[in-house]
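Below is one structure, written out as C-alpha cells, with a few remarks after it.
Each chain gets a letter, A, B, C and D, in the order it is written, and its residues are counted from 1.
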Amino acid sequence: MNFPILTAIMLAPVVGLLFILLIPEREELTIKITAAVATFVSLVLAIVAYVLYDNGRGGLQFLQDVSWVPSFGINYSVGVDGMSMPMVLLTAIVIFTGVFASWDMTKRVKEFFIFLLMLVTGVFGVFISRDLFFFYLFFEVAVIPMYLLIGIWGSTRKEYAAMKLTLYLLVGSAFALIGIIATFLYAAQQLGHATFDIQTLAAVKYDLGFQKFVFFLMLIGFGVLVPIWPLHLWSPDGHVAAPTAVSMLHAGVLMKLGAYGLIRVGVFLFPEGAKYWAPLIAVLCIVNVVYGAMIAMVQKDLKFVIGYSSVSHMGYVLLGIAALNTLSLNGAVAQMFAHGIMTALFFALVGNVYHKAHTREIARFGGLAHQMPRVAAGFLIGGLASLGLPGLNNFVAEFLIFIGSFTRDQSLLGGLLSYRILSILAISGIVITATYVLRVVKNTFFGPRKPEWDHLEDARGVEMVPIVVLVATLILFGLLPSLQIDMINSGVAPLVAKIEAAKAIGGIF
Amino acid sequence: MASLQLLTVEILTAALGLGLLALGLLVPQKDRRGIGYVAAAGLAGIMGVALSMRDASGVVLQGYVIDPFGTYFKVLFLAAALLAAVCSFEYVEKMGFNQGEYYALLVLATLGMMILASSGELISLYLGLELMTIAFCILAAYRLDDAKSAEAGIKYVLLGAMSSAILLYGLSLVYGAGGSTVIKEIARAVAAGGASPALILGTIFILAGFAFKVTAVPFHMWSPDVYEGAPTPVTAFLSVASKAAGFAALVRVFFGALPDLHNFWVQLFIALAVLTMVLGNLVAIPQTNIKRLLAYSSISQAGYLLLGVVSFSVLGIGAIMYYAMLYVFGNMGAFMAATAFSNADGSDEIRDYAGLARRSPLVAAVMLFSLLSLAGIPPMAGFVGKLYLFMAIISRGYIWLAILGILMSMVSVYYYLQVAKAMYLGNPPEESQPVRVTPGLQIAMIVSLLILFILGIYPTPLTNYAMNSAVAFFMP
Amino acid sequence: MTSYAWLIPVLPAIAFPIIVFITRKVRFLSALVAIAAIAASFVMAVGVLQEVFLLGITMEHPVEYAVPWLQIPGLLKIEAGILIDPLTAVMLLVVTLVALLVEIYSVGYMHGDPGFSSFFSYLSLFSASMLGLVLANNYFMIFFFWELVGLCSYLLIGFYYHKPEAARAGLKAFVTNRVADFGFMLGFFFLFAMFGTFNFRELAEAIPGYQNTAFLALAAALVFIGPIGKSAQFPLHVWLPDAMEGPTPVSALIHAATMVAAGVYLLARAFVLFASLPDVMLLVAYVGGFTALFSATIAVAQRDIKRILAYSTMSQLGYMVMAMGVGSMTAGMFHLMTHAFFKALLFLGAGSVIHALEEQDIFRMGGLYKDMKVTTTTFVIAALALAGLPPLAGFWSKDEILAATFDHGFTGLYILGTLVAFLTAFYMFRLIFVAFFGKRRAGLHGHESPLTMTVPLLILAVLSVVSGFVGTPFTEHGFSTFVYYGEPHHVEPNYAVMLISVLVALAGIGLAWLFYGRPSDVPERIANRYRSLYNLLVNKYYIDEIYLWLFRRVVLGLSEAFNWHDRHVVDGIFDGVGDMTRISGRKLRLLQTGNLQTYALVIFTAVVIIALWMAAPVFGGVVQ
Amino acid sequence: MITLNHYLALGGLLFCIGLFGALAKKNAVAVLMGIELMLNAVNINLVAFNHFLEPARVTGQVFAIFVIVVAAAEVAVGLALVLNIYRRRLESNVDDLDWMKW
C-alpha cells in the first residue's frame, strides 16, 4: 500500500479549493460541482481506507512519514488507528453531505466553498496526524475559516456568535498548546532527542505531578471544544448562527476534535493524569447531559434545541472518557461518530426548513409533515437516533458508554458518589432527550396543516443527498455495529492497556 | 584585505545610499520614479550578497563583528527595506518630491541597523543607532504637507534623543565599570569583577535605551503616535526593522557583555515582557485607525520577542531570530495592504475597510493572513515563531509566562478579527470602486503572503538558518 | 423448522422496506406484501409449535440459536439469537395469528385512508419487532425490540398526526415508556454487572446460586419497572388510554393483544430472577392487583368505547401481573393468550362500530344489534369471555389466576381479584346494553362492515370460545404442563373459586342490566349522590393532571431556571471577562496622552523605579 | 583632591538638570537644549572615566567626540522639524503637539 491514501483524503479538498480559486465567481454551479467532486473523492477514499483497514492487526495503518523539521523532531507523519479511522470517515461523510446541504447557497458562493474546504482540510489533518505539531497545526487551521463562515453566511447574532466561538476555541487551544510544549520539552529531556511523535511521546514516563498538571491543561484545551460544562456556551450560539453546512461540520465533526484530542493526547499520553481528573470529568459530564437536555427542552428556536442537544450528547462522550475502561471508551468513540452523523442530519434538515420558511421558531410551525413529509421523516429518524433508539447507530454507542461506566466500580467523595450513580444520572438523560426531541417533532411536524406553510416544498433532488446518506449511515452502523466497534476496539485496546498499566491513583475526589 | 571583504554588505549599502542621493539630484523630476526601482534592485542585490556570505565570520578592527547572527539580521533588514521600497513607489510619487533623498534615507537607515546588529563595540553601536534614528526622524516627518507627519517627526526626534541620552549615560557607566568599550572585554571584566553599583545602574540605563527602540512598555509611548503620523511605508519599515535592530543590539550587549548578570536583568525583562504583552494587546482593542492598531499590535509583538530574551538560551535567540523574520513579512504584509488601500481611498480608518474583500480580494486576503500570522494562527508562519518562543520560555520553567503570552495572543485575535470583520463581513459602500493595486506592490504582497504560508507549513529552512546562527552566536 | 425460526420476524421486517420504498404508491400491493409476510410467519409459527411438541422441547430444554452481533473480546458478548421453548412457541402463535387477523381486518378498516401503505408498513415493522422480542435469547435483544415496538406504538398512535391529540398521545406513550425503559435498562445493567452476561440461560444458571440477594432484588425491581410501563401498570399506566387515539386495529393489535402483553412476557422470561425473591414478587403481585382494581373502577365511569376497553385491558394486564406475582407464571401466560383473542375481538368489534358510525361515545349509540348482527354477536361473545362466564376462554384463564392467588395464600388479593371480576362484568355489559341494545339514537345508522372485517371477527370469536380449553383444570397435558416455571404441575379444579367467580360475573351483568338494560335514572342518581367520587372516576383519579402539573411546573420550571442560569450566569461570567478586557483596554489607552513630555516622564519614572527596585534589598534587589 | 566620584557626581547633576529642562520646558527648542545638557553629562562621564581608569588609551575621549558630532546632527534635524511645525502652526509649544493620542 504505497499510495498515500490519507494524505490524498486530506489534500482532495485543497485541490478542489485551488480549482475554485481559478473559477470565476459567477460560475456558481461549476464551483459547487467542483466542491462536490473534491469532497466525493475524499469520501470514496475514506470508505476505501475504512474497508481496507485491518481490524485484526489493529494499530496505526496507512503510515506515511516525511521528515519535516529535523531539529525539532517534527515529522509529517500520518496514519490512522481504530479510533481515528471512523473519525476520518465521519468527516468525509459530513462534508460531502454538507456540500449538498449548501447547494442552494447564493451569497458569495466562491468564498463560501473556499473557506469550507479550508476548514475541512484542517479537520482531516487532525484526525490523520500522528505528529503532535501537525495535530495542533491542523486543529487551529479549522478555526479561522469557521469565523468567516459564520460571520458572513450566518444568521441570528452571527458576528457575536462567530467571535465568541473563535475566542473560546482559541483560548482553549492555548491551554492545549502549553500542554503540548511542556510535554515535548519533558520528553525531549527524558529521551535525549526531540520528537513530536505521539507514539514515542506516549512511551515516556511522566512523573505524576507533571501528568496531573498537563492533563488539566489538555482538559481545558480540548474540553472547550467538546464542549465540557461550563465552557460550552460557544456551541449553542455558534450552532445557531452558523450556515447549514457549517453547523453540520461544526457540531458533527469539530466537537469531536475536542473529544478525540482529549483521548488521543490527554488520556493516551497521561493515563495517570487522566485517572486523577476523571472524577471531575464524570461529574461535569452529568451536568452536560442533564442540564443540557433540560435546557434544550425549553428552547424556542429549532437550532438552539439541537445546539443544546449536542451539549447533552457530548456529555455521554465525556462520560465514556471519564470511565476509562474498554467498553466506555469504545462507546465514547462510537458516540462521537454516531452523534456526528445524527446532528449533521438534524442541521441539514433544519437548514432546509429555514432556507424555505425563513424562520426556525418552533411555535410558528406545526403540521409541517403535510407539506414536507420527507423532511419530517428524516427529522424523526434523527430524533429517534438522538434518543437512542435501537437499530440506529447512537444506541450502540450510548449503550456501550452506559454499560462501561456502570460497571466501573469506583466510589467518589468517600463513598457518597460512585460511577454507578453517575451513570444512572446520565442514563436518565435518555428520558429527557426523548421528551424534548419528540416534543419538537410533535410541535414542528405534527398537528393540523397550516396553510401559511403551503408554499414550502419538500426536499427533493440534491437536497435528498444529505438525508439519504446520513440516514443510511445511521441505520447501517445501527444494525451492524460490529462493522464499527471491531475497528474502534482495535484502537481502544492499546489505550486501555496503557491505562491499566498506569499506577492506580485516587481521583481528585 | 580580508577584513574589508567581510564588510562588503555594509560598503555596498553605504554606496547605494550615497549613490541614490546623488541620483536624486541628477535625474530630472519626471524620471525620478526610476530611483525607487534602482533602490529596490540595489537592495535585492545586496540581499543576495548578504545571503551568499551567511556563514562568514570574523572581527574587523577589533570591534566590528561579522557573524551569522549579524548577517541573518542584515538579510532581515534588507528584506524589510526592499519591501518598504516597493511599497513606497506609488506612495512617494504621490508626495511628489525628493524621491532620491527618500530612498537614500531608507537605505542609510538600513545601514545604521546593520551597524547596530554587527557592532561588537559600544561606540560603533551608538553610531549605528543614531544613523538609524536620525534617518527615521526625517522619514517620519517626510510628509511635509501633513501636520501629523511633522508631529510624528518631532516626537520621534525629541524622545529619540532623550532615549539616546539615557542609553549613552548607561554606556558611559558600563564603560567606566568595564574599562573598555569592546563588548568582549567588558564581559571579561564583569566576569572577573562582579556586579558593581555603576554596572547595575549602567545596565538599567542601557536597558531603558533599548527598551525604547524595541517599544517595550513603559518605554513604548512614542511609537503609536509616530507610527500613526509617519508615512505608511515608513511606519512599516520602522515597526519591523528598527525593532529587529533593537533586538539584535540588545542581544549583543546583554548576552555578549553581561551574561554573568543575567539573573539580574532577566527579572527586568520579565517585567517588561509582561507589561508589553498585556498593555499592547489591551490597548489595541479599542483602536479604530489601522496604523495605530498595528502600532499597538507591534508593541505586543515586542513583548513576545522579549520572551526569547527572558529565556536566555540558544533556543530563545533562535526563536527571536525566526520570529523577527516572520514578523517582517507579517507586519509588512499588513502595512502593504494598508498602503494599497490608502493609495486608493486615502483612508486609514478601519471602518472604511468595510467590504474590502469584495473590492479587492487580494488586499483583503493579504491583510487577513498577515494579521493571522501576527496572531500566531496556523498555518501561518507566525504560529511556528510563537511556538519556538513559548518553547524557549517553557523550557526555562516560566509556564505562567507562556500561558499569559498565549492568552494575550488570543486577545490579539479579537482585534485582528475586528479588521477581518470589516473586510469580510461588512458591505462595501455604494458606488465604491474596486481597489486598484500597482503590479509592483501586488507582487510584493503576494510574495510576502506566500512566504508566510510556506514558512508556516514548511518552516525547516528558516528554522535551520536561524537556529544554526543562534548556536554560532552563543557558542562561537 | 426451529432452525429457521429466525425467519419469523425477518419476513415482516423485509416487508417494511419493500412497502416504504417500492409499493407505497400501489395500496393493494402494500397490503398484500404485509399480509403475505405475516401469513408466512404465522405458518412458520405453527410449524414451530408443532415441532416443539414433536421434538419434546420443554421449558427445561429449550433450543437456542445465536450469532454474534457485537463483541468486545473478554468483556462483552451480545448475540443476535433466538430461544425457543414452549413459552416462545405460544407467544409466536398468538402474535402472528392476531397480527394476521388484524392486518386482514385493516384492509377493510383503513380503506380510503391516505396513509394506507404507511399503515401496513408500520404494522409490518411492529410485527417484526414484536416477534423479535418474543424470540430474543438475551436481555439486550429483548430490550432492543422492546424499544422498537415502543417506536411502532408511537408511530401508530400518532398515525393521524394531523390530530393534535393523536400527536400528543404518541409523545406521551413514548415518554412514559421511556421512563420505564430507563428502569429496565438499569435492571439488566445490574444483572450484567453481577453476572457479566445478558443471556437468559446463562443467567438462569447463575442466579439461583447468587448470594447478594439485596442486590439481586434491586435488579429485579428495576427490571420490573419495564413491564410497569409497557403493560401499563400503575403508576405508569397513563399512556394507554390516550393511546386509543390510534386507528382501532392498532389498538387491538398493539394496545390490547400483543405489545402491552410484552411486559407480562418479560416477567415470564425473567421469572427465574423473580422467583427467588419473595419481596419483589410481593411487589409485583400488589402492583398488578392494584392496577386491576384501579382501572376497573375507572372503566365503570367512562363513556368512550375504546377507553372503556383500554381500562379493561389495563385491568386484565393487572390480573396477569398479579398472577406472575403470586408465583403462577402459567396462569399469567394462559390469561395472556386468551385475553389476546377476546380483547382483540372486542377492539375490532369496537372498530367495526366506529367504522360504521364514526362515533366513539357509547351514550350516543344504541340499538346497534339491529344493523350489525355479526359485530354484535361476536362482541357479546368476547364480553362474556372477558366477564368470565364458562365455558368461554376468559373463564378458565381468569379462574386459574384466582385459584392460584387463593392457593398461594394471598386471600386479600383473591378478594380483590373477585371484586375486579364483578366490576369487569358490570362495565362490559354497561357498554353492551348502552351501545348495542336499547333505543337507536337519532342520526346514527349503523351498517355491517365488509367481509374483510367480519371474517376476522368470526375467527376470533371462535378462538374466544375454544382457546380456554387447552388449559382447563380438566384438560390432561394442558397448558400448565407446557408453559411453566420449575416443575410442571397440574392445577386441581377449585370448585368454590369457580362458583364464586361465576356468581360474581352474573351479578355484574345483572346489575348492568338493572342500571342500563332498561330505562332507568338510577345511574344518574348515584352519580349525583356521590358527585365527588364520580368525578374522581371520570377524571381517572386526576393522575394525568398530577403528572401534567409535575411536568409543566417542576420539569419545565427547572428547565427554564437552567436556561436562565446558562444564559445569564454562565454566559454572563464569560462575557463579563470579555467585557472586562475590552473596558480595560479602553481605560488603558487614556494613558497615551499625546504629550511627549508625559512620555518622557514615564520613561524616566520607569528607570527610577527599576533602579530603586534593584537598589533596595527589601524589593529583592541584587545590590546589597 | 578631585576624584572620579566628583566628576561622576557632576555628570549626574548635569544629567538631572538637563532632564528637568527636557521635561519642564514648553518650548521645543528649550527641550532640545535640555537634551544637549544630558548628552554633555555623558561626555563628562566618558572623559572622566577615560582619565581615571585607562589614561593610556583615548577611547572615552573619542567616544565623547562622537557624541558631540552626533548630537549636532540630531539637533540639526530637530531644529528643522521644529521650524517646520512652527511654520505650520505658528508655535513651538510641545504641549500642543497632541493631535495623535490614545
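FYI, contacts are C-beta pairs under 8 Å (C-beta built on N, C-alpha and C of every residue); 3 or more make two chains touch, one makes a residue touch a chain.
Only a predicted model underlies this, so the values are computations on that prediction, with no experimental measurement involved.
The chain pair with more C-beta contacts between its two chains, of A-C and B-C, is A-C.
Averaging Cα coordinates per chain places chain A and chain C 36 Å apart.
For the pair chain A and chain D, the distance between C-alpha centroids works out to 65 Å. One simple way to say how far apart two chains are is to compare their mean CA positions; for chain B and chain C this gives 76 Å. Measuring from the averaged C-alpha position of chain A to that of chain B gives a distance of 42 Å.
Of all residues in chain D, those touching 2 or more other chains are 22, 31, 94, 97, 99-101, listed in ascending order. Listed for chain A are residues 167, each touching two or more other chains.
Within chain C, contacts with two or more other chains are made by residues 589, 592, 594, 596, 600, 604.
Inter-chain contacts, as defined above, occur between A-B, A-C, B-C, B-D, C-D. Chain D makes touch with chain B in their complex at residues 4, 8, 11, 15, 18, 22, 28, 31-32, 35, 38-39, 41-42, 45-46, 48-49, 53-54, 59-60, 62-63, 66-67, 70-71, 73-74, 77-78, 81-82, 84-85, 88-89, 94, 97, 99-101.
Touching chain B in their complex are the following residues of chain C: 581-582, 584-586, 588-589, 591-592, 594, 596, 598-600, 602-604, 606-607, 610-611, 614-615, 620, 622-623. Those residues of chain C whose C-beta lies close enough to touch chain A in the complex are 68-73, 75-76, 140, 143-145, 147-148, 151, 154, 158, 161-164, 166-168, 170-171, 174-175, 178-179, 181-182, 185-186, 189, 192-193, 555-556, 558-560, 562-563, 566, 570-571, 573-574, 578.
Across the complex, chain B meets chain A through its residues 357, 372, 377-379, 383, 387, 390-391, 394-395, 399, 402-403, 406-407, 409-410, 413-414, 417, 420-421, 424-425, 458-460, 463-464, 467. Residues 19, 22-24, 31, 94-95, 97-102 of chain D are the ones that touch chain C when the two sit in their complex.
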